[in-house]
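Paired with subunit B in one complex and with subunit C in the other, subunit A is shared by the two complexes that follow.
Showing the complex of A and B:
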């Protein structure tokens, strides 16, 4: 165990020196202002059309209701709109603004929108070349000739990866808050957010609905994002062990993640797609009470699926890495 | 960063990573606990009650805030430009009262809405009540779907054959009953606003078998007028005459809703009636 900490330190510093985390920060620093600007424009338009947020909300509900009365709209879509109407109505009835313009609310919605694609991509920036990068550079031989057992080397990579996943999630939230707050203001921590909507068919059961302060909601959301990002990270680690080139490793993982996003939007009739890991990444939806991509999916189910994929990829990673021959 | 030695850089990364991870794990744990064992607790919001606008003449008002409710006619179905009579009325009022700030507060019309559902919305929907309370002009249409039993948006031609004039007659009292509730609720919610009800017309005037339906429509309009007459702030704008000889000019291709210029005629009547 005493040999492990220096190894982790070594791996963590290696990732740092490769400037991967810096890239992530720069991407965030460029993207967040763009989204903030877009959100600002939307807020301006709304302000010119509506006296206050209640008018905007009641108009939004009305528009959904009108869409629901149309015969041309698919049932699946109607179901999710029906649920959205009921949730918005709940907010309206309790006089709570679901989209109040402040830094915390912006951060909350940015994070939940980023969970299926953006966070996985950021994670891939670190995870994809953890092992394959060493192969490409030829440094893996150096690493493996040291008198350290192989599983310890992979384990230290895993710990370093976990550290950077945590840092990525937290840094995104912090940067998002700091940047958007400059435009929308830095408050909103104590604003109530409703959670606990239970979806039954196309209606929601509101007896478990309760309000949590927004800071707690954001914390829960970040925790769920961390779990889904970690499962992506573990899979990427496995791919990085299996595939020799970093480019191939990134492409494989990106294809998997993106196909999951596409599947979630069209797989309502393909029930068993719910066992694919990337369909389960949107854990924050359960918190918000949005309908899951496939009927019947719950938080517990998604966590189990992700845990299974994570465990399987860990098993494969470790058994392959400790046994495989290293040749160039 | 280059000034940092590897040791202190590692301490910085390591410490912030450990803190972040613990924080995120706590968040995750709480989320799982919160969702797997949810505790429902009633949240008591303080209901917002906007101040009613002052009653009085529109020509003296600084702001004319309009809320429209009702069925597809208010929504503007059939108007290719999407304006309907509501937006055209606003444009006309803005011309009529150049000093006032004329704006649409909300258009909360729902396609296919029947009077009974409108009553329920007015009774229970806080958003509806809130928007109505803010405005000094309320425009509404209702009754068309009750009488014709036609879901707005679907082609009226198909169902025209199934229209039964006796049924139309039978629907009248029930629909008017609901309309009475609507007017009473509107008065309870906002007694200061100018309320304009757009009367019904017979979209099947040009079909010989259903021309007689116009008599039932007129019966509705007459009794609707009697209901609105009870309240000094409510008025009714007739439309039946617009859709008789000129039905081909003013009705849209669904043969049920007005088209853009049809709505323009309704709008000009509303603008004329308001003071």
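Showing the complex of A and C:
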């Protein structure tokens, strides 16, 4: 292990000096204020229409129910609306505002909205050129002719990548809280959030529903985001080993991630699509109790699928990297 | 030749072969590099020099054959074998977003027992002190080359492998490199230098292996191989016509027509009315004397090595005759 630490230090240093993490921070610093502003506008509008959040919730439930009675709405939509109605009703019955305007609530919803596209994108900024970048620059020749086994080099890259992915998740949450808190206030840690909705067909089994304080919910959410970001990172690492050019590596991974988002919204009838990794990225939905993209998917199932993809990526990465001929 | 040369075998390559996509690229390369010698690896572009070098440093796995460095097999124990090697494969690469110093620190961390003092030492050896804390992105090619060599020297290697080291250097840089390489060899380091330029190998190396189409044609000292292969003697007279007649009169001097020799044309730049001959070089003084006595002014006599192609031609001819 003492021989690995300097290698990990090398890889972490290179990512840092390439200013990749700085780019991520800047992107966050630009995007979060924009979303905060948008949220503020929504809150203002709601406030002028409804004196009480309960009225707003009732209004929303009525809207959904009107939709349910319409013939032109596809069944798929109806199902998710029906579930949403039941959840809203649950919040109303327990006198808890699900959209209370405070920094923690904003952070919670921002993080869960970011998990399928935004976080993968940030992860790709770090992971895509980890190996392909060394090949493009030719520095891979210097790296692999030093008296260090190849697996150790890839392993140290992997550790550095894990560190930066974790840091990205934490930094996003912290920045989000700090920036939105300036507008909405820094409260909301103890607010109860309901979780544990079990979805059966188009109805909700609420016997497992329980309230957790929002700080705990946020922590669980961050953990799930970390898992889904890491699976993207490991896949990106593999692509970066297999593909020689960094541009090709980014495009490949972006295509994979985006296709998952598209598939989630249309593949209700294509059952086996649930084994595709990018359909399973939205882990936070299980926590919130939103219906999964394909019926029958559960948190355990998604975790298993992601774990399988991650393990396969690692196997391919290491076996190719340790054996391949460096021809150019 | 070389004071530090010894009989220890630092690099041993035995029947090395490589197939890529079913096509044999390297068809059996064998040679040894001894301690403290400068070993040239000479061949035209595409002969398999770089592929061979990449196999020496474990970038490419050989299809068959053995490579041992200081007794360690590179295939079985690359970590131990590479500990004795410093190398620059093709271009000297470095991370442009790091400073020269940070680059050296980076590679120092990949080896045992290299501290700041050693880094400072190699920086001094290659003379990069003034700019070492600047970003590599701002370096010239020559400076990158120096940084590359500094990196290769970090681990106090017994064997330094340089792939076409004079590429992109100006004449002054090439000369400095030559002196530098000799200095390292005098300290007991073995150097393995590839090149497609005969003149370069001739000036720099003690022994040489000549490779063509993935095969080693010959291994020997530079004198044996290159001088033995015959040099041209090029004459320049004050009176070209009379001079030519004088040479024609000598039975053991063969005049070569203007387009029949295989000398690099650039060597003739600025020379006028040259007479290219092949002859016994020991006869040069007596011929000069003869010319002077006949009232023909001798402007210059050059000994010029044939081009690599010529050398190959002679070698393969020799093979078919022998």
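The rule is short, and it goes like this: the second predicted complex is superposed on the first by the 328 of 328 C-alpha atoms of A that agree within 3 Å, B and C clash if a C-alpha of one lies under 4 Å from a C-alpha of the other, contacts with A are read in each partner's own complex, and residues count from 1 in each chain.
Keep in mind that, in the parts below, a residue touches a chain if its C-beta (ideal position, glycine included) is under 8 Å from a C-beta of that chain, and two chains touch if they have at least 3 such contacts.
Bear in mind that the values here come from a model prediction, so they are computed numbers and not experimental data.
Put subunit B and subunit C next to each other and count what each touches on subunit A; the higher total goes to B.
Of the two partner chains placed by superposition, only subunit B is touched by A:55; subunit C is not. By the document's definition of touching, neither partner reaches A:272: not subunit B, not subunit C. By the touch criterion stated above, A:170 is placed in contact with subunit B alone, subunit C being left untouched.
Of the two partner chains, subunit B and subunit C are each touched by A:9. In the superposition on chain A, contact of A:139 is made with subunit C only, not with subunit B. In the superposition on chain A, A:18 makes contact with subunit C only, while subunit B stays out of contact range.
In the superposed model, A:210 lies in contact with subunit B only, and not with subunit C. Once the two complexes are laid over each other on the shared chain, residue contacts for A:70 go to subunit B alone; subunit C is not touched. Shared contact residues of subunit A, touching subunit B in one structure and subunit C in the other: 9, 13.
Of all residues in subunit A, those touching subunit C in their complex are 6-7, 9-10, 13-14, 17-19, 137-139, 141-149, 323, 325-327. If you check the complex, the residues on subunit B that touch subunit A are 6, 9-10, 13-14, 16-18, 20-21, 23-32, 34-36, 38-41, 43-48, 65, 75, 104-112, 125-128, 130-131, 134, 151-154. Here subunit C touches subunit A in the complex through residues 20, 54, 57-61, 78-83, 85, 87, 89-91, 93-98, 102, 106-107, 109-111, 151, 155, going by the rule given at the top. Subunit A makes touch with subunit B in their complex at residues 9, 12-13, 16, 49-51, 54-55, 57-59, 61-62, 65-66, 69-71, 89, 92-96, 162-164, 166-167, 169-170, 192, 194-196, 198, 206-212, 216, 219-224, 226-227, 286-287, 299-300, 303.
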